[in-house]
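Below is one structure. I have some questions about it.
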């Protein structure tokens, strides 16, 4: 239950990270979006997910049973909901809340990538579909005991099942959405659009690191104290190594102490270790994190070259190191083998195909009927003006216009 | 003990919420006020409350025993303070600290409502009286096993005993204090005075939500894991439903995605569920929270119509939904019955009469001898100028004057 | 493990406190510095400290055993790392992570004192040496069962072993570094250089208070629930008393409600109680904290008189009340005696001599080869400009130049 609280707190971390790395004129919009994701995620998960699972639900009579089976759902009776023997040491409710908090994370990842130009309603529509359908379906392939699980695919706490799933959608979304006005010069050169509040971003990163204690620690679901302590240690070391590697690599290349790369490197280290946090020694964890940190820097540069605009680096962090962390299970730690590496690769490829395909189709339909992007004037004035009645995030402060 | 830490952390949530929704020129004042409340609350609770309870205290010889009985206090010996059998699984100290953290919350609620024009010393005097006398006395009627408890009045974690108790005082205080200069036009039309840092407010709301895990979770005092998990689930769902309902209702009426109403709706959902968090099913929790969210919006509009000025919406959130949540125990969940509804209503009415009466008399006396409000010039210049030697919360930033 | 999370979170508290009390032009620099300390501290602790301790490490063959003995290190086998019997109820990994989080704290204390003019690389070099050598060596004298422990020196959670150790280095560092440009007028009068974001500082203080629950609570290493609850109570009361005493004392002298002194008083109360949190009654805790609060105010004034410049008051808080709290073990609480007081005094003196001596020599060498301070132009433009490629912490805000 403590871990659930920490995973909940990650939503504050994501929100602060995102507003800090974007412009002040879109701050209210980003906060609104994040509040919405948390709230609708929980309520939908309760109304649909929960009702789907429980036989007393009125959905039960309407929707055929094979639909439940599709999502790998079990159907305990309501009385079992308070049963401590539901699983080793926790109740159905604990599981429900932890999973509900988890699910919304995938939408939050997308949110960061599409910031500053996505239409609010269209984003809500897509993220509800994605969190409601893609996330649990893909999850059922592994955590629900589906075919990936039976093949031996390993993903401890979601490098692929949470982070890459969010990352693939983010990648497709920014491809269809296009870059923010001013992100690329007329010659196609990438231009820096600096974030407006780096202390918020730094706060967000440290809150996320704290939350990862709950995310990875809570995924040792039976709360085996010995294993939990190992997982928290590998998690922290990978984060630290990721940050140092990213900052060091940037310093070598650009002769500069780059704070945002340091922060993204830490997040990259956290995502990298998520697939195998319970399998790694501390030396493994440091290697996995450090390589993850370098991958973040390279992925950011690659996106720039592809003229894709991801204001907060969500694709680099969550997709780039999500893939890396999943592959790393086959290369480092106690499960490493060529066979395992191959299975990890296959799992990533299948999930990639499904997520990209779904996202492309769903976003094309939404684009056709509602549009994905605010208009030029709205973007230039900022989304707080356009969608929130001119609410100003910092009413007393004087601002530079840009 | 973890829950105590989370309840402590709520003070940060309240502080950030309050400074974010007010003007920057009063920021230092608000922070000072909140630090003072936390610190004096703990120390007074230790020096007076604690000494009152323990026979070795020198107060014991001076103050007659019926005074203790009045507050429903037990008197364990000092040695019992470290006794784990004091109650199921926690010591006297744990209880002391949790209660001490709780008590200061009532003062914090008042603090938000009177922000930007209340005189610091007068506010301190009133809140010390209120937290020292009214809060424990009212609490003893129910939690101390007093007459409300014997009637069957139900309030799990304080919709009435904490939130409404604070809310009634806030209502009386802002009535006597009057609106801030500029809040109502000369024709009596309410004017928006925008908060200066909405990311702080949003951070505050999410920290409060997290803290509620401790507030409601910790009120399952014996830490029954099964019941705690239910309580955390109903708490989160009510918060989510409150936020969505408030934002949705405002959107219907004003065609606008209103962030501050979203935030206050979440808080309203949290207060609403506090009285019956252990009695509700998840569907109940969603209904209770959603209605709470709508009540917040209506209560804000009502206060505007009454020309009462509550900068942070404390009365709407804590009193409005505090009443609603207490009544809801009679309407939703496993204790719902007409009889229960009637008892809840009676309990609310008695506590209302007492809190309003005490506040009115105490504030009238304080107004007479010290005044409640800073003078016009001090208010226009900001309280940081007037009461804190011109300390500037944001020395390097350029500000708009208003 | 929860306590480890809270101690980790203290790094956010330190960072926000420090950036809030300094100027915006150095914000990126401070954040970078703090991220670096956390990350390098953990990784070095793992690569060196950990490998030193474990027989499978390749260091083991290279470095002779007496080196391990010097640091008071035990050498369990690797298999013991997951053994719950390693100590009452926690594993080696828990211990490792908790200690690793602890160690970096000493560097963070120094960081605050030298802010706004120290050269980044030189600071990193010194703090790595200090955290890697001085901190564990001094710690081994007491916590490793060394000579101070055998003499009966008492330091529950590190008033001396963490806070004073950091504080002595900070004092030496600012002596050699000199004051910031503009801190003292040409006549030598101290001038206020106001911090740029007091809400950040206030947030930092409350996060630190929360973190101290983990710091002191976690130092009851076997997690004895009764003793832990006493420790959290004395910790909170000392913090509250420290804040009130500092604010009250300043109010008496300067007729002013001073927020920064309130905040530093709270921190002073926390440091004061750290040496004897498990020995004090609640009345003792209030006295110890209140005296600590007054000491902070006096120490700040003393540093001003000595023309030493400590932007965040780190020396006053961590050294001043670190000494006081250690002495207080001989004056208040269940261990108080003249004999104990004398031993505490001797312990403080020996550690002071060692820390001052080491810092003086190490900083003199670093000064000679690399320099300690950025040049005048870099300092005036701000370190964000000089060392971070002009990265702006608040790109959209208009700033006052100073």
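Going in written order, the chains are labelled A, B and C, and every chain counts its residues from 1.
The rule is simple: a contact is a pair of C-beta atoms (placed from the backbone, for glycine too) under 8 Å apart; a residue touches a chain by one contact, two chains touch by 3 or more.
Values in this document were obtained by computation on a predicted structure and should not be read as measured data.
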Angular offset of chain A relative to chain C [C-alpha, multiple of 5 degrees]: 120
Proportion of interface numbers common to chain A and chain B (over half same, under half different): different
Whole-Å gap between the CA centroids of chain A and chain B: 34
Where chain A touches two or more other chains, by residue: 2, 197, 394, 397-398
Footprint of chain C on chain B - complex, ascending: 1-2, 4-5, 8-9, 11-12, 15-16, 19, 27-28, 31-32, 35-36, 38-43, 46-47, 50, 81-84, 89-94, 96-97, 100, 120, 197, 200, 387-389, 391-398
In the complex with chain A, residue positions of chain B that touch it: 2, 6, 23-25, 194-199, 202-203, 205-207, 209-210, 213, 217, 225-230, 232-233, 236-237, 239-241, 243-244, 247, 254, 256-260, 262-263, 266, 282, 286, 394, 397-400, 402
